[in-house]
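I have a structure I would like to understand better, so I am pasting it below and will then ask my questions one at a time.
Should a chain be cited, it is by its letter among A, B, C, D and E, assigned in written order, with residues numbered from 1 in that chain.
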Amino acid sequence: MAEFLAYLIAGIATGAIYALAAIGFTLVWQTSQTINFAQGEFVMLPAVLVLLAIKLFGAPVWLGALIGIAAFILIFGVGFKLAVVDPMIRHGVLPLAIATMALSIIMKEGAKDGFSAEAQKFPSFVPTETISVFGAAISLQHVAIIAVAFAVIGLLQWFVGGTRLGRQMQATAQNPTVARILGIPVERMVLLTFVINAALAVVASVLISPIYLAKFSNGEVIGLFAFIAAIVGGFNQVRGALVGGLIVGIVDSMAAAYISTSYRLAVPLVLLVIVILVKPEGLMGRKEERRV
Amino acid sequence: MTAPATHSAATSAARRLPLPGFIDGTLLTLVAAAIILWFAPSGMGRYGTYVLSLWLVMSVAVMGLNLTLGYAGLKSLAQAAFMGIGAYATALLTSKVGLNWYASFAISGLITFAVGLVLGFPALRVKAHYLAFVTLAFSTLIWLILRNEQWLTGGVFGLSNIPRPSFFGLKLDGALAFHRFVVVVTFLLAVVLWWMIRSPWGRAFTALRENPIRAASLGIDTRMYTLLAFAIGSAYAGFAGALYAPLVEFIDPSPFSLSQSFFLLLMVVAGGAGYLLGPFIGALLGVVLPEWLRFAGSLYLIIFAAIVMLLLIACPQGMSGLLERGWNRLTGKKEGAR
Amino acid sequence: QDKVKLVDVVELSGAGATAGTNWKNGIDLAVADINAKGGILGKQIEIVHYDTQTNPGNTRAAVQRAIDEGTYAVLGPVFSGPIGASMQIAQRAEIAQLVGGEAAGLTKQGNQYLFRTSLSQSAAMPKIAKYLKDTIKAGSVAVVWVNNDFGKGGRDAIIPELEKAGIKLAVDVSTEQGQADFAADAIKVKNANADAIFVYLNEEESARFLRAAKQQGITKPMVGETTLLGAKVIELAGDAANGVKGHVGLSIDAPIPAFQEFGKKFQAKYNYASDHNGLKGYMAVHMVKWATEKQKKFDKKGVADTLRGATIKTSDEPGILIETTIEKNGDLDRESFLAEVKDGKQVITATLPKINP
Amino acid sequence: MTTPILELDGVVGGYGAMTILNGTTFKVPRAAITTVIGPNGAGKSTVFKAIFGLLKVREGHIRLEGQEITNWNQRRLLEAGICYVPQGRNIFPELSVRHNIELGAVAAGSHITDMPRRIEAALDRFPSLRAKADVQASTLSGGQQKQLEIVRGLLLDPKLVLIDEPSIGLSPMMVQETFDILKELRAKGVTILMVEQNARSALEISDEGLVLELGRTRMQGPAADILADPRVRQLFLGGAMTEAA
Amino acid sequence: MTEVLEVSNLHKAFGGIKAVNGVSFKVNEGEILGIIGPNGCGKSTLFNCILGQLEPTEGAVKLDGRDVTNMRPSELNKLGVSRTFQLLQVFPELSVRENLILAGQEHEGTMLSRFFGARDAGLSAKAEQMIGFFKLGHLADAKAGGLSYGQQKLLDAAMAFMAGPRLVLLDEPAGGVNLTMLGDVKERLRAINAEQGATFVVIEHNMDFVMSLCSRVIVLAEGKVLAEGTPAEVRANPAVIEAYLGH
């Protein structure tokens, strides 16, 4: 029992990380109906930029953090929108989704060549102590991540669905032409989407990197798990990220514990397939629209 | 206005030349390219020949994905996994079972076709990304099996000493001989696909992409065509794998991972999804361009990705779209059909 | 001016990028050193690096290209899979290929042109088993390994050795390359309650595992190979690395001045600490240099013939850093070390002699 | 004719290389209902798109109350008092009906303070929407979706309404209701420019009629005259059928 | 007279909403049946259930006495049942001609013959004829997505007739179509009805069209049959006036 609890808590802690990374998928989906295949790299890169800023300018940690984060939001929020999304979005979302695949290569290789091929320590803004919950160990960092994931997802769920601005963003994604006809500032909404996404990626990065270390290839692992989490939870609802993340985290932990470790990765994937067959819109997702 | 019996995609070359009705610019290009490629390696050395062969092999896989994605609009993230199934099947059958390559090639195609059929079922749900999600899972699962089942696949250590085929007793072990063999096989596969696309099947595949609901109400068996498109596309990956194994003479799980499937997708779109010759251009960008960019050292991947991205920004229809645009401007035509 | 061309075919992107980059940097450092001292037999070295993307097909292409372009010897790659994919090509061309791979199987295929730059796992594992039995006095061991060619090779090599030594395998935990989260693995290891834990992961994963283990309160001794005791691991794992013990083949912290010297040069040039792959790359170039100077001419086939069965002494070629014997099959034999991490430093506790001194 | 509120003067525009509007010229009288009729593909919807800045006008001028508004963006046009209800299906499928409607007031920013009351009033006119106020808009029937668009388009206090075939998909009662609303708006001084294929009913409530063909104004005059014109009846109003019915 | 289509006690619920709530009716061979009713009364849903696009919650659909409930749309179509859609449903990236060929190609031959046979499946002439009739001649090679609303509506109708169906379900075919053109369409439907004995079920809000075309009319309200009769009877029915026509 104690053993089970230990796995459960480890799973929840990991799951919160996946949830935090998965928010980006659900947010981008809801507000631009695209999949950002570079989401994992979005979470990887801010930490690297922060370290780079510290290294280049010899700045103290907090200043480096500010510079790195600002640079990231500028390049991958504003810049991405202006340079990639704007020219491409009128041709539908497929080229855009593919472009994010190319972007992920650029981000990953850029981090490697521009910074380091090796993992780096990343300073934690949360104490690194471990506390014991019913005899199972959990670090304060994980607790912070869980809290932030819950808070951010709650906030976003409210923002996207419950405020007029959020609904304007959704409207822009669902039917940009009509949005324009009604006078919704479509450009600004898209920009807002990408800036929020970049800002969230920064939060995730800063919280996750002290645990996972800052490394150019981290995006692959984080991206894959976050993607699975988003699908399981439901792509078209922000809260899907939370549910999906926690479930995938727990399932992964249990798989490591009780199923062959070399097939551990298969278990969340099988879960994903089952969810798609049984409830294709995801556990928390909204049903697809009427089509006939 | 008289009704031309052919598809509007017939290029102007065919209209000007007195050729039998079914020959069009695409076919002529394919024939010309095959002839050039047959002779191309002279003076290129083994390495150049190998890269050309690798380009063609990847083109076959990309052609299959172009069918599923470009024509039928089904988003598959498992093309590399299918290629892996084909490669391992061929490698095992030729090196362990001792079957000849031709039979192994056919079996590889059949296996991938069958797996494609089964996997295609989730695609029957109307929303297209479910297929993407399922194939994502499948892709990783296949990779895990290839890696873990060492007794069969050699696991992380891979399989080596994969024999190359012979042709009516003619050994194809040399780089040039095998290259020519690859040219012939690729040409045949391309012609089959070309024929399929311009047959009513091709039209039905496009209908799946454009409006599956309307298609179903017009008697188009969307279930059958969806499965067919996906299974045939997968079989092409299987064929590509069956060529890849003897070309490299060694396989391990890494070239069949999820990121490789993404890479193949990039090639389809960069080449021009929904253009018959797009895959060759896409694979050229994906396979040969990196070789040309070697001078850039480790930066070449960034350059490659940036080129793809710029290309997509300039023209989301990829290189083929760009070329078509240029051609239309040259010939003064207004709008090109696919 | 006449130059000698060396092509390095290595993992600069993909899964092997970290190891490959170290290897490449080691090579660049060696080339710079040699060229500064006048080159090989008066010829400057021209070095070219080709990235394989950790993909066997590309590796093969790159090796072929290297040979077509007339490389004097092939350097790299580092990962065993790509080595397996490309070694026949160098063999067919009768050109020496100096690789960074440690998988036991590579040298068992009768390839006369393949040479390692480090000890093979089949050489290292018996030493570890002995250490576990004699020094740690472990009756049962948990094995944690990374499921790639490196880790799987190591695991397959250690388990029979443990059996021979009469040590029980308490739990066998495979992990993924690039895995970020080791909490569940650590719990699993903890619950197995073994006397010691053998950790065979790449550097970063080692660090992550050590941190997770500390968090879960694992107190049993952690034993490993070079990759568990590296400077990088210590840097990344911090406190959690203290107390880790094991066998080290190549290390910039070894009590050999040449190694430490190398470590300093590397640090100065690249601004981080080299791992064993950096040392391997450095040695690879010097092996080629030594063989050429020994045969006194640039003969490609001769390089392999000269290396095979040779013993390179530091007095003849300081760049080899440590006396190295090359066996007939391409395996190496040389001294190695037992080490322990104390207060954030790798401390060598014993030097193990060559297997066949 | 009273002073026109909207003027098109030699407007040329089209899609890609294809020109659809070949110098379209007409004037729209103030505080009146003007109905545009014409065969399918005449360019009626294209004219609307040109007025509302959704199609680039290559030549010619569009003026609102004498002010040049050619190629303005939508936001400016809305602020100038024009609103546009396009043809076909134009909803946000995954938002609720109420939220869809509410987005009709975005352009007003915070000027309008009585938004909830207006939405309630609109829902009163279309009871079947009220019942569905909180469901996803995509689940509405075709006619309900059209009702939603009409409600949404008229939420602000526009000067000029461009409405493209509002009657498609509406039941006869709802067509009447819609036309009643348009009449009320006219009574309040709002100008309405409407395209209708349901031309007889539309012309009956209109002050002015306009026949568009091949992107040009073929005829313009009082609605009653247009309705009575035998050529128009034959060519555009399906003469035979209306007689038979 | 034989019954072509029989719908019995059909129900369709979406969650708590009963869109179709126990509808039964029969359609005789060669009949032109009109279906009218207020917006949202379940007409389109009824069509979708009959045609296998939606799964009815309850009830049965019979074609020529054979149970075809839940049969897939493509199979039903191969049995000679075709339809049009209320909202525009064409293949936007294909040309008008390709749209039409697509609409007919699955009705002749086998999968194999469609692979090896002619590209146009021998339908060019037929497509040309349709294009001519619906006055789309100048647009034959234009992408369908670029047609005007009414033109797309006409193309949709044309597609439904490409394969010579014997039962056609039309969902608001008149919406957005020019009245003169509509007159032609109506004549054409009558002709097909008379010459080929094809049966029609038409949902329409255009009363002139319904009254002059249909031989019988069914009125739906809130998912149920409210009234049934000849056009004249229905038009005079006070309940129908109250619920649908208005005064």
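The definition used in the following text is that contacts are C-beta pairs under 8 Å (C-beta built on N, C-alpha and C of every residue); 3 or more make two chains touch, one makes a residue touch a chain.
Nothing here was measured: the structure is a model prediction, and the numbers come from that model.
The chains that touch both chain B and chain C are A. Counting steps between touching chains, the shortest path from chain C to chain D takes 2. Across A-C and B-E, the chain pair carrying more C-beta contacts is B-E.
Distance between chain D and chain E, defined via averaged C-alpha coordinates, is recorded as 28 Å. Mean C-alpha positions place chain A and chain E at a centre distance of 47 Å. The mean-CA centres of chain C and chain E are about 73 angstrom from one another, to the nearest whole unit.
Shared contact sites, meaning residues of chain E that touch two or more other chains, fall at 44, 53, 85.
Among all residues of chain A, those that touch two or more other chains are 109, 112, 220, 262, 265, 292.
Multi-chain contact residues of chain D (touching two or more other chains): 139. Listing the residues of chain E that touch chain A in their complex gives 44, 48, 53-54, 85. Across the interface of their complex, chain E is touched by residues 1, 3-8, 22, 196, 198-201, 203-204, 206-207, 209-211, 213-224, 337-338 of chain B. Those residues of chain C that touch chain B in the shared complex are 12-15, 49-51, 53-57, 60-61, 64-65, 67-69, 80-81, 84-86, 88, 103, 105, 147-149, 152-153. Contact residues of chain A toward chain C in the complex are 3, 6-7, 10-11, 13-14, 17, 109, 112, 116-121, 130, 137, 139, 211-213, 215-218, 220-222, 252-253, 256-257, 261-262, 264-265. Only residues 52, 54, 74-75, 78-79, 84, 86, 90-95, 99, 102-104, 106-107, 136, 138-139, 152 of chain D touch chain A when the two sit together in their complex.
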